[in-house]
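Given below, in the form of structure tokens, are the structures.
Both complexes below contain subunit A, partnered by subunit B and then by subunit C.
On to the complex of A and B.
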């Protein structure tokens, strides 16, 4: 039990430092802190010029959705980076229990994703002059954390795919674009084709973005608990699916020798 | 109980070519390999590139499932008891990749100490002890990206020993090391055997196998073609002799003609600076010097010498046999 807990916490943090190449200010600041502000401004100004939604709408949608960058890319790097550095076989030949091994790697990713989204939300609000009620800040913090959780779940699926394909950065970019449309970040779900708004119910961020907008509009945490529960459920389903895929691909890699091949 | 038992191990790979018209080809990397290694023994697996050495090791360390046959490590089945096997073995591979470049040597070891369940209180003294053993003391807090190839290789060795495994698999651990580094690593390997570890070592270097291994198996094209002590293998060609002819440019056709001469056991060509050396192993009491020179007619020939066969000659004869 102690071994599993240490692999989860100490192992997770160490592997994050080992594999997350953005952990230098020269890369981290532009990609994690500046780029989301650009994305928020782009959509807010498009919205203003076209007379569509409010700045607050785009601020919340894009700040939360940008957590997809750290969550998807870092999770893919969790396996892809190991393959690239030739360390994956050393990991898989260890007797380390796989649940703490893989989920422990998700924890720093989740926290980083939440930090990026929270930073984007606060700085974006300052830049655009959006007023977020002080009473909504703590509940918004919780929503950000839950949104990062559900996207990290999807990131685990992405990580599993990296056991079979080498081009995980391409896949992460495709998923990011997909989430930009399918989560209602920039277009109200009701205005999207019905099949997209139906599919959106199974996407990370959809329920969290809706909950955050309601909180910013004055709703209480109790009012949005259903949305948060749905977001948690979506994240948990992706997390379980991602872990199951990782184990399955690990077995296949032993059977078909695919560990070092694509 | 044997430390390692391989029984008729086979491994087939499927390779694909083409994008739209995909063609599948089956490659038999290992074809019925069997051997037994006793506890405390240092067993060498020798063979040329692509002979099946690494594939055999990967099956024994649970990274690959055999397509046929079975293997046991310390009595545990490598397929059914994979996790138990992993707890008891260490795996060291050659080359400079396979370490976390962004982490220090110390953190690399600490991470794997966690994965192998080394108790927190024991981690520090164990890591210190291993850093001392592999000669990385004093450099352990530097990032691994700044390490030389030899230092990374020694870090691999330390990592493989973190949990004090009973059985150690060393896959070409000295490849690419400078002579001093390779010698130091060989002395580390020898000290591990002295400490009672069972070691399976793969290497290209005959002198290394000769100096270190209790027994050797030569693997060629996926099958074991000879097994025994280094002395046994040398005896296999000990009745013959070796003729070395320095040449300057020899073509494949000429080599083939020499190979077809009666009494010739094996022919290989070694590059030595600007010259090549035609190494011809012959049966005992067969004089082929003039016949060989006849085939080299027209080419520039340098020094000619005759000597006793070495383990390397035994190896070349074994792996070049059809």
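On to the complex of A and C.
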């Protein structure tokens, strides 16, 4: 139990710190802190130009959806980075239990994703002059955390795919693009084709974004508990699927000697 | 003549390499398409009198810019990673003549982006593909590609001192989409943004493409776009000289 906890906490933290190439301020600040503000501004102005929704709508949608960048890329890098540095085989040959090994690596990613979304939400609100009620800030923090959890689950699937696909940056961008369209971050789900809004129910962010918008409009945490439960469920399903895929692809990588393929 | 040949052959090889790169040849084409689709959904659902054709053209040029901005910033950096930078710098031709085809190649992929987005808008959103002045439209597209290539050169040589040059390239993707009037009329942006828009060739390239497609007078915009593109190339040459002089003096050419 203690070994598993140690692998979960120390292993996860060390793995995240090994992303130091990305965590340098020269990369972190423009990519994680400035770019989401521009994404929010871009869609807020497109919304004004199209006469569709309020600034608050785009602020919440894009701030939460941008958590996909840290969650998807960092999780893909969990595999891709280790492979690039020739440490992946050393990790997978170890007898370490896989649940703390993989989920421990997900925790710092989740927290970072939540931080990026929360930062974007607050700074975006200041820039656009959107008023978020003080009473909604704590519940919004919880929503942001749940949204990041949900997307980190999808990130695990992305990490598993990185065991089979070389271009994980392209794959991460493609998933990010689908989330941009499908989750209702910029277009109300009612205005999207019905098959998209149906598919959106099984995607990270959809329920969290809706919950955050309702909280900003004055709803209480209790009012949105169904949405938050749905978001948690979506995240858990992706997490389990991602873990299962990681184990399966690990076995395939051994069988076909493709672990080090880069 | 030999300079044109160098540019032509360089462009051909760079373009072939870009088309075989999953990130530049596929990723950079797909990624802006997602933004274009989102924007078209927003405009379709909105109440604005601005047409989907207006948005479709803007979204198409967004894709053109993406193919340049994300990869041109690290074009020189890539040569460094491949270990070819010293050889290229030591070659007898001016280094900017070697770099310009690389950024022009990236800008050329933008034509594919433009076509793909217009066709996507046509077949998925039913946006008519009517071009009022086809010849001027083609000239506007070529002029915009050349100007984007010039701006890409300036990015490539200016960012080379930064190890994370690719981030700076990425960083300019959203701001240019926003301030150059691709999807948002400049009149909607704060007044202080407009001078920034005016010194950016994408603003005029966008305007020329839109004017030629929708029926207007694209030539002044096209000339401004080309003029700014030429200015970027001239500035890029100066920056190249300065950067290489500095790198030789400090022995940092292969710094990674």
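Just so we're on the same page, the second predicted complex is superposed on the first by the 260 of 262 C-alpha atoms of A that agree within 3 Å, B and C clash if a C-alpha of one lies under 4 Å from a C-alpha of the other, contacts with A are read in each partner's own complex, and residues count from 1 in each chain.
Here is the rule we use: a residue touches a chain if its C-beta (ideal position, glycine included) is under 8 Å from a C-beta of that chain, and two chains touch if they have at least 3 such contacts.
Values in this document were obtained by computation on a predicted structure and should not be read as measured data.
Q: Contact-wise, after the overlay, does A:93 reach subunit B, subunit C, both or neither (first, second, both, neither)?
A: In the superposition, A:93 touches subunit B alone.
Q: In the superposed arrangement, does A:250 touch subunit B (first), subunit C (second), both or neither?
A: neither
Q: In the superposed arrangement, which partner chain does A:47 touch: subunit B (first), subunit C (second), both, or neither?
A: In the superposed model, A:47 contacts subunit C only, not subunit B.
Q: Answer with first, second, both or neither: which of subunit B and subunit C does A:223 touch in the superposed model?
A: Neither partner.
Q: Does the superposition put A:173 against subunit B (first), subunit C (second), both, or neither?
A: In the superposition, A:173 touches subunit C alone.
Q: Between subunit B (first) and subunit C (second), which does A:38 come into contact with in this model arrangement: first, second, both, or neither?
A: A:38 contacts subunit C only, not subunit B.
Q: Classify the contacts of A:30 with the two partner chains as first (subunit B alone), second (subunit C alone), both, or neither.
A: Only subunit C is touched by A:30; subunit B is not.
Q: Which parts of subunit A are in contact with subunit B and also with subunit C?
A: none
Q: For a test of understanding, state which residues of subunit A touch subunit C in their complex under the given definition.
A: Going by the criterion above, the answer is residues 24, 26-27, 30-31, 34-35, 38-39, 41-43, 45-52, 166-167, 169-170, 173-174, 176-178, 180-181, 186-188, 191-192.
Q: For a test of understanding, state which residues of subunit A touch subunit B in their complex under the given definition.
A: Within the complex, subunit A touches subunit B at residues 3, 6-7, 10-11, 14-15, 17-19, 21, 23, 85-87, 89-96, 101, 254-257, 259.
Q: Quick one: which bits of subunit B touch subunit A in the complex? Just the residue numbers, please.
A: Touch residues, subunit B against subunit A: 11, 13-14, 58, 61-65, 83-84, 86-87, 89, 91, 93, 95, 97-103, 107, 110-112, 114-117, 120, 159.
Q: State the interface residues of subunit C toward subunit A in the complex, per the touch definition above.
A: 22-23, 26-27, 30-31, 33-35, 37-39, 41-48, 50, 55, 162-164, 167-168, 170-171, 174-175, 177-178, 183-185, 188-189
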